[in-house]
Amino acid sequence: MIRTLPQSKSYSIGFKIYIILFFVFLFAPLLITCVLAFNDSIFPALPWKGFTLDWFFSDGPERVGIFHDQINLASIWVSFRTAFFVALLSTVVGTCGAFLFEQETFRFKQLLYFLMLAPLVIPGVILGISILLFSNTLGLFFEGRFGIDISLLRPGFWLVVLGQFSFITTLVTLIVSAQLKKFDYTLEEAALNLGANRFEVIVHITLRFLKPALLGAMAVAFLMSFENFNTTLFLVGSDATLPINLYLQVRDGSTPVINAISFLLIVGTSSLALFNLFIQRDRSE
Amino acid sequence: MKTLAEAKSKLPLFIFLTPILLWLILLIVLPHLDLLRMSFRIENDYGDMVWSVNNYLEFFREPIYWLTFTRTALYAIIVTFLTLCISLPVAFYITKVAPPKFKGFLSLLLLMPFWVSELVRIYGWMILLRESGVVNHFLLRWGVLRQPVEMLYNDVAMTMGLVYTSMLFMVVPLLSVLDSLDDSLIEAAFDLGSSMITIVWKIIIPHAMPGIASGSIVVFMLSLGNYLTPNLMGGKNSLWFTEQIYNQFIASFNWNQGSAFGFLLLIISSLIIFVGLKLTKQKLSGVIQ
Amino acid sequence: MHIDLSVKHVSKRFESFTAVDDVCFEVEKGKFFSILGPSGCGKTTLLRMIAGFEEPSEGNIFIGAQNMADIPPNRRPVNLIFQHLALFPMMNVAENIGFGLARRNESKAEIKKKVADILERVNLPGFDSKKIHQLSGGQKQRVAIARSLVLDPTVLLLDEPLGALDLKLREQMKIELKKLQEEVGTTFVYITHDQSEALVMSDHVAVMNEGRFEQIDRPQNLYSKPASPFVARFVGNNNRLPGTCVGYADGIAELKLTSGETIAAGTERQITPGAQAELFIRPESIIIEPAEELPELNRIQVMVSSILFDGANSQLLATSPALAEEFLISLPQNRQYEHICAGDRVEIGWDFRAGNCFTVP
């Protein structure tokens, strides 16, 4: 049954086969996507026609590699900027949230806590349309009442940032809260006792203790933002993020350039994930 | 009781509270109230906006709408159940059966694919399953098939895609909850003469219930609200409810009808989560650790 | 005589509960002062008020000559060794010790020198770059002490810092701590529920109970001349024998026991005949099978109910109709009493002046 108990041979072998099949199921689509990025063919399909780096570096005219594909490069840059701002904003606000719910007491705390959890159970599509509607309502209001046109309220870069921020902050709050729960408050008292003022206590003790969690939360926020599709779909303006851009290409037929982008994404996110893991491990040491 | 913590000023409270209130009110509460308001507005014959429940009536009048709605909810439940059935043995294997030295490695391996964008994962499946895809290529070569078969764009492919996409959110809570299950409980049950099935039903499942509930809620919610997978892997005729919402917003530009649909989706998802929590006797705050 | 710490009529109330009730004491410069009491007696609250983490509801605390009212904890010339030490896990040993110095904006070179000096002093030379989790329990202890001592506080407060250590190490640290205190000459205020820690290390001990000080005295006096029944029972082992006073003369009360026998009970205070009283008698004051010719001895026949063998601390438990509670009697391991078994009847006795008798309030 478990590793400390004797197990029958069929149980043990059957279980192993199941796990192997599961991991094949898990990795097959990713592996095949990566492999076909290097296939010397104009379709992302077998048969294998030889190794090529054309889909990365070719400069046209028949094959345009990703590093020369202006539209895709632009969307990658948009996604980077979006993810950067979302990660920054949500980490700052999420940290405030963690401190608020872990350290402060106030009326309606329970209510606010449930409200904070709500974005986890609201489908991303709904978040997208409700923020679209509200920003539109606000925009119309400002235009009708004061005659000013606020471009921030129209679909576009900042609305995407706000839309993603609205639910990623919940995740950050939960990650940082989990770490703050483990914080031993006598450390703060000890620092005060050794002559630190409140500000120094936060900088040298509390934030330093939270640093791994903050970095981890920031990495998670970055990735969540980078790959978000559902919420972004309704808020995106003229600068499409990478997932939106890829979606349009995949829907309308694909070239191995998408495999090349996927390959880069898989390598990139895996290294970010490993980096995150490394931080966590460093912390638990 | 006047301790140091309470003697200190209210300043930190306001510093922490202000951004949280701004976030929750401006980006969560007000937008959803606006969604509710918009769903009760229609344009009358003179081109003016008036209050009406017509958008909701429209939903019940058109079978395509409520059929899609029911279908979406049912499929989301099926996907959740399948994901649970597939993930539970895997989580059990990694935490309890695999040699301890592989535990970390296997969990890492398990999480790896989910760091990659959903779109890339779906794209991988498309390359595998379509008519000119890799699976067809091998089946033809091995002589299993004589004609290539379109394996994409049907409900089975879509269900599999949804299971694949949301698996992580089931596996992670299951891993953590099974990790906290003391091996000696299983050993004790074994020692007291239980069969494997009894152990699964009486020890493992009850202990894993918080993880099962939290995983199921998230998977259900993500499947219900998914747009990419049904759109790219399912049939081409808009049979997922989020696609109806998208069509109302972007194609027909009927935001009021779209709002009504959006609100209905929100209600059904909250309702099913609520019922699920009641059935499994869990609390939302407990489920989200 | 220079007073380093002076606590004047300090009380602390939490809603209806009084944690510290009108406590007064002074600690001379360079002394080792302990506050001994059971858990929940208010000693931690008192210490936290001195450190500045709690404000007294009434009364004043002076450190040196300065009133501490409204002075925040980070500006007080006292340092606290926390119960669980509160070493900063994200910093190494040198950063921990240098933390307070850095808050005073001392130069890097200065900090480095002081840290090296203090590490030498607590017998941890070269431990600068060690991580906290690499240290043993005793080493953590010394780092915590170094971290506070390096700031040269007027008073060093210690909140049961030895509680988490195992028995052997605790015995060793007791001696080490006492030596260190004598060396550096800093005033120590030490709180503990462990009487042995308090008795071994302190110049003076205050026994605290339910928010009040029962007695402030030298350790020897606490043991031999307890000022209250609580002190008598809390410091060291004691047997209690209740009765009614039927006569008093010259430091000896005559006590009539419930069984009707009358015994002589030594006391420090006048006891009026007719009052309810109780005698406390230490296990080691009781003689087993006393010689016939010994004068001025209370003698009682008892039955041995069991023998508790514990090396040099071996004791026997005895019952008798005359005794309200089971008596603990020291059993010297000098082979003289080897013949005694559980169930035996033996005579015990103690000197008229050996115990301490108190009136029951």
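Letters are used for the chains, namely A, B and C, taken in the order the chains are written, and counting of residues starts over at 1 for each.
Here, a contact is a pair of C-beta atoms (placed from the backbone, for glycine too) under 8 Å apart; a residue touches a chain by one contact, two chains touch by 3 or more.
Since the model is a prediction, treat every value here as computed from it, not as a measurement.
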Going by C-alpha centroids, which chain is farthest from chain B? Tell me that one.
C
Select, from all pairs of chains, the pair with the highest number of C-beta pairs in contact.
A-B
Select the chain whose centre, defined as the mean of its C-alpha atoms, is least distant from the mean of all protein C-alpha atoms.
A
Whole-Å gap between the CA centroids of chain A and chain B
16
Centre-to-centre distance between chain C and chain A (centres being mean Cα positions), rounded to whole Å
58
Report, in whole Å, the distance between the mean C-alpha point of chain B and the mean C-alpha point of chain C.
61
If I count partner chains per residue in chain C, which residues reach a count of at least 2?
52-53, 73
For chain A, write out the residues touching at least two other chains, lowest number first.
none
Show me the residue ranges of chain A that touch chain B in the complex, using the header's touch definition.
1-5, 7, 15, 18-19, 22-23, 25-30, 32-33, 36, 43-47, 92-93, 96-97, 99-100, 103-104, 106, 112-127, 129-134, 137, 162-163, 165-166, 169, 174, 178, 198, 223, 226-227, 229-230, 233-234, 242-243, 246-247, 250-251, 254, 258-259, 262, 265-266, 269-270, 272-273, 277
Quick check on the complex: what are the chain B residues that touch chain A?
8, 12-13, 15-17, 19-21, 23-24, 27-32, 34-35, 38, 86, 89-90, 93, 96-100, 108-113, 115-128, 132-134, 137-138, 164, 167, 183, 186-187, 190, 196, 199, 217-218, 221-222, 224-228, 231-232, 242, 245-246, 249-250, 255, 258-259, 262, 265-266, 269-270, 273, 284-285, 288-289
Under the stated contact criterion, what part of chain A meets chain C in this complex?
184, 186-187, 189-197, 200, 204-205, 208-209, 211, 285
Interface with chain A, chain C side, in the complex: residues 51-53, 72-75, 78-80, 82-84, 86-91, 99-100, 103-104, 133, 147-148, 151
